[in-house]
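What follows is a set of structures to go through.
The two complexes that follow have chain A in common; it is paired with chain B in the first and with chain C in the second.
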Partner chain A sequence: MDVSTTPERKARLPFLARYNMLPRTILRGRREGMVENRPLLDVLTHIVLIIGVAVIAFPVYVTFVASTITAEQVLAAPMPLVPGPHLIDNYREALLRGAGNSAAPVWMMMVNSLVSALIIAIGKIAISLISAFAIVYFRFPLRNFFFWMIFVTLMLPVEVRILPTYKIVSDLGMLDSYAGLTLPLIASATATFLFRQFFLTIPDELAEAARIDGAGPMRFFWDVVIPMSKTSMAALFVIQFIYGWNQYLWPLIVTTQENYYTVVIGIKRMIVGGGDAAIEWQLVMATAIMAMLPPAAVVILMQRWFVKGLVDTEK
Partner chain B sequence: MAKVDFHNVRKSYGSLEVIHGVDARVADGEFIVIVGPSGCGKSTLLRMVAGLESITAGEIAIGDRIVNELEPKDRDIAMVFQNYALYPHMSVYDNMAYGLRIRGMSKEEIDQRVRKAGGILELGPLLQRKPRQLSGGQRQRVAMGRAIVREPKVFLFDEPLSNLDAKLRVQMRFEIQKLHRTLGTTSLYVTHDQVEAMTLAHRMIVMNAGVAEQIGSPMDVYEDPATRFVAGFIGSPSMNFLAGKGAGAGKVALEHGGIVRYANGQVETGRDVVVGIRPEHLTAADPADAMFAGTVEMVEQLGADTLVHLAHGADNAIVRRPQGQTAAVGETLHVTAEPSRVYLFDAASGLRLR
Partner chain C sequence: MEKRVVFRSWWLPYLLVAPQLAVTIIFFFLPAGQAIWTSLLSQDPFGINVEFVGLDNFVALFHDEHYLASFKVTAVFSVLVAGLGLSISLVLAVFADRAMLGAGFYKTLLIWPYAVAHAVAAVLWLFLFNPTLGVVAHWIKGFGIAWDPLLRDNDAMILVVVAAVWNQISYNFLFFLAGLQSIPKSLIEAAAIDGAGPARRFATIVFPLLSPTTFFLLVVNVVYAFFQTFAIIDAATSGGPGNATEILVYKVYKDGFKALDLGSSAAQSVILMLIVIALTVIQFRYVERKVQY
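The block that comes next holds the complex of A and B.
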């Protein structure tokens, strides 16, 4: 069918052209008149892109393959590049028994990771929302001072203040607990700053209209500010969930009992330690694949929600 | 419904006083327009009535209650903002119902009030839409609906039509007028647009630099301006001002040539005055009968009439001529006016000389 003839198609042409979605036949026709008609360049661009994808995707693929074969096959050189038949066995074993030195089953570590990542993400959003609201909408002594204090903490990530923070957490008896795992990571200057910037774009008249409508500050916060912040909250949730999930150093220091291990330290525990036991690479790889899934799921699921939010809210 | 009293109302930001004591009495059911150039304090005055700005000195009373210390929600007022200030995430219905819900009104009563307001403003089919799905005019109507459902004692409008295009503005002006006729609620309306002020107001407060220069009905203000500022601000194109000196009974000698005869007031010989004549009151005349002459600098054809811009020495004057009577650029035009239409202002203070 000649795509260029239907009137409906024609009406959509400018739109399609803008997004580089013109049907091929038309593109070819259009291209003839253009200065830049270099098939070689096209090939080159694609080669670069394919190399880029391969660099990222190939190790993941190898990991996946390694998680579907036996330990001997993993160690054999060369390692096979076709998935083997032990997918279900390996994953079941990793999930239920664990691997290597770490006796904790992976499902338990996944739960720990999930709980801490959720607490960190939600906690960060809640705290930042409240502090940004206070800083933008209330006038209190030393308001700017506090704002800058929060801002300055950007320069002090957990890694820098790890000893004093450890001391405090340990003195408070929060080692080996979800509180110890998450609380020190919750305070967030980035999120506070982001919400502050967003609140500053909400017109003052909205707050005034709410005041005249009889809404007190917290009512305004709950009924107007929070619904309007949904998209920022979604974006932050994605970022902070992954941040929380990927935490390595802090959980490593603050947990000593296996039932509080997160999956990221779990993987590390599996490959170091007792020299005697051969490392069960197929199980380590299965764990690695499983550890990648929740952040990926959050990105994919929240992306849809995020776009929906963008369409729904508008000032 | 209620009256609103301003008693020596002042507002300062630190040491900077922006409103220098406004006294006014707004009668029950009256439509008052506060008009003035930007920065004159008109919005501040309105926001003081709303309770969004504190009152530095003086008193504002709504009904018989002094509201200085009351929260906005307790003042029984409703406000319409220039940028509408609709809650973007709520439907039209919820936007109007929000204030009532906070006040704990029953669902049935809320529903009844919202539907009634929706009916008055012809918002019926739009009630489930979100603000972003509405046009500017519709949003403005929702903002008014939000004010109406509250059934307040006083409506406050803060430049509500400034964000609309010219045609819509005329239409909304008409709707606001109709609304006020239907509801009869006391209204304070802030605008910088003197056409809105003239057409909507029962009485207007003309403000300049934090002072209420004149309070009166639109035609009073137009025909009997109290100061040179008011005379220049109300009327379009604005009044012509020509420098001159008193020259005997009923006469002023213009600085750049010409004698203006006046019927109202008196000026001692030699006193510096400013003569004000509206463009619509100037007519072409024979050189012998003319008050002054000027060189035509520009001609603006507006269709119904023509504006002829004259250069008269360092002063300028605009003559509004009916359709068909035009002038050529460069020619000398002799003009005159009815002596009763000539206004005199003190050159230094700008006060009207009567």
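The block that comes next holds the complex of A and C.
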């Protein structure tokens, strides 16, 4: 059963291991993560993982079920755990009318979320790309000071300077606007670092060749740096799109008009005030599913870039 | 590290860093400076009577039992979130690292909660734990256990911790998995050959070699529990019942926006800034050694 632990094997194995000649039964599968054959442990592995996946998926499953049944069924404790026939009705109602008294139609919130997530993701990438380019490819007075300034923003999350930032945005007349929703979130120390690190790995010969050919810095930037940075940009885009889509505190305070609600804020507004009977849970849950879909799709469909982005931005 | 080959221009680099710096100055440095300045003032909600009071706001904070209670809530919350989040994801990562069949399938199914907004996660769990109509609440009550996160302090804490952990598991899982996969397999094989079983190998080789990842994730999770969980608290409990789930970040918001106690809110902001600075320094001094084994 377990070849590696029989005494005779043990005596012989160090020699085999040194010459990388271990029996196939032992070596097999380490690439996928296994050292030896342990059928019981294999079973346990799958049991643990299946339980993990099920527990993690459970809240979303219940949410989905709740979005396919009627309000009365949701309120009948306990609610059914099998999807009902009202999927299309509920989603149509949420999309076109919204839920609760004050909420805007969900399609409008989805558009707001999409617009702000795109502005935040693309804006962060654009301004970080050019500032990292300047910091790596030029020598100029105050260069280190600027770099330090960008670095320090890591230590000033929006949560700790919320009131004064709100005041500035309101003084600039940017409340209830896409600019107010996105601009304050667009600075990015992590993206600047990431691009800086990446630019430092671009061979000097390329810049030299470009200079000899008479190409200016911007020509070099467009023709060499941008094409080479595509993978990093894609990875960052995935992370920043999710970041932008899922923003909560900032949109909560800068949007007072329903037309600028993002879908994440919209859900919160739908459940504020009113007792259990007043909350249209089936519509709230349909909205929750719709709020989850775009970022979840991005994670699942662009998984490789997502993982790369996550790991890169933490370096 | 520096480039040998650079371009020359006296104006272009400034133009290139200008957008980033403008956003940084207007939306980061000005407000932070303002917070520090306001924390030294005493003023009424309308800003009519303003008086310089030095560190009085800070002194008052540390004599304020609500603030100290909020510190305690934050400590309990972050210990629970970091502890539970790290242990659960470590277990999942160890088994996912071991699985041959369907490893990619499990990975995909374990990482997508990262995409769910904190506020949405809070609403999902609020719905499951809702005392009258929640499915999970119904099960809990089926065991004869009293349950009401809207009224009972501990139940509310459980609700926000579960939502926060659920939302963070995928992140921890990915980093643990990457850490596990970077452990040289020759070490594991050598131990297996010498007769060490899986549990022994985990305790004596895998876990110690994983400690850089664990420490890194610990810092990230504390930062997460301190700052990024605002949305979970606000959407699930609004700091209630009473002040049972009022973490520091939530209190800054509540005192500033709801109670309009500007001086105190600003002083709290400054204290939080100091905490972030400390955590960032720890993280960065540490990251240098992160990849070394």
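The rule is short, and it goes like this: the second predicted complex is superposed on the first by the 260 of 315 C-alpha atoms of A that agree within 3 Å, B and C clash if a C-alpha of one lies under 4 Å from a C-alpha of the other, contacts with A are read in each partner's own complex, and residues count from 1 in each chain.
As a convention for this text, a residue touches a chain if its C-beta (ideal position, glycine included) is under 8 Å from a C-beta of that chain, and two chains touch if they have at least 3 such contacts.
Please read these numbers as outputs of a predicted model, since none were measured by experiment.
A.B. asks: Superpose on chain A as described above, then tell me if chain B and chain C fit or clash.
C.D. replies: Once both complexes are aligned on chain A, chain B and chain C fit side by side.
A.B. asks: One more residue to check, A:L301. First (chain B), second (chain C), both or neither?
C.D. replies: Neither chain B nor chain C is touched by A:L301.
A.B. asks: Just chain B (first), just chain C (second), both, or neither: which does A:I56 touch?
C.D. replies: The second partner, chain C, only.
A.B. asks: State whether A:I135 touches chain B only (first), chain C only (second), both chains, or neither.
C.D. replies: It touches chain C, and chain B stays clear.
A.B. asks: Of the two partner chains, chain B (first) and chain C (second), which one does A:E208 touch, if any: first, second, both, or neither?
C.D. replies: After superposition on chain A, A:E208 lies in contact with both partners, chain B and chain C.
A.B. asks: Just checking: does A:R219 make contact with chain B only, chain C only, both, or neither of them? Give me first, second, both or neither.
C.D. replies: first
A.B. asks: For A:M228, using the defined touch cut-off, is the partner it touches chain B, chain C, both, or neither? Pick first, second, both or neither.
C.D. replies: Touch status of A:M228: first partner only.
A.B. asks: Counting residues of chain A touched by each partner, does chain B or chain C come out ahead?
C.D. replies: Touched residues of chain A are more numerous for C.
A.B. asks: Between chain B and chain C, whom does A:M292 touch in the aligned arrangement: first, second, both, or neither?
C.D. replies: So A:M292 only meets chain C here.
A.B. asks: Quick check: superposed on A, how many Å separate the nearest Cα atoms of chain B and chain C?
C.D. replies: Chain B and chain C, overlaid via chain A, are at closest 7 Å apart by C-alpha.
A.B. asks: Which chain A residues lie in the overlap of the chain B contact set and the chain C contact set?
C.D. replies: On chain A, the residues that contact chain B in one structure and chain C in the other are 208, 211, 314-315.
A.B. asks: Residue numbers of chain C touching chain A in their complex, please.
C.D. replies: 1, 3-10, 12-14, 16-17, 19-21, 23-32, 34-35, 38, 88, 91-92, 95-103, 106, 108-121, 123-128, 130, 132-135, 138, 166, 169, 171, 174-175, 178, 181, 185, 188-190, 192-195, 197-198, 201, 216, 220, 227-228, 230-231, 234-235, 249, 252-253, 256-257, 262, 265-266, 269, 272-273, 276-277, 280, 287
A.B. asks: Which positions of chain A touch chain B when the two form their complex?
C.D. replies: The contact residues of chain A facing chain B are 203, 205-206, 208-215, 219, 223-224, 227-228, 230, 312-315.
A.B. asks: Would you pull the chain B residues touching chain A in the complex into a rising list?
C.D. replies: Answer in residue numbers: 50-52, 71-73, 77-79, 81-83, 85-89, 98-99, 102-103, 130, 132, 146.
A.B. asks: Could you pull out which chain A residues touch chain C in their complex?
C.D. replies: Chain A reaches chain C through residues 4-5, 10, 13-14, 17, 22, 26-27, 29-30, 32-36, 38, 41-42, 44-46, 48-49, 52-53, 56-57, 59-60, 62-63, 66, 74-75, 77-79, 81, 126-128, 130-131, 133-140, 143, 146, 149-150, 152-157, 159-169, 183-184, 186-188, 192, 199-200, 204, 207-208, 211, 216-218, 220, 242, 245-246, 248-249, 252-253, 264-265, 267-268, 271, 276, 281, 284-285, 288, 291-292, 295-296, 298-300, 303, 306-307, 310-311, 314-315.
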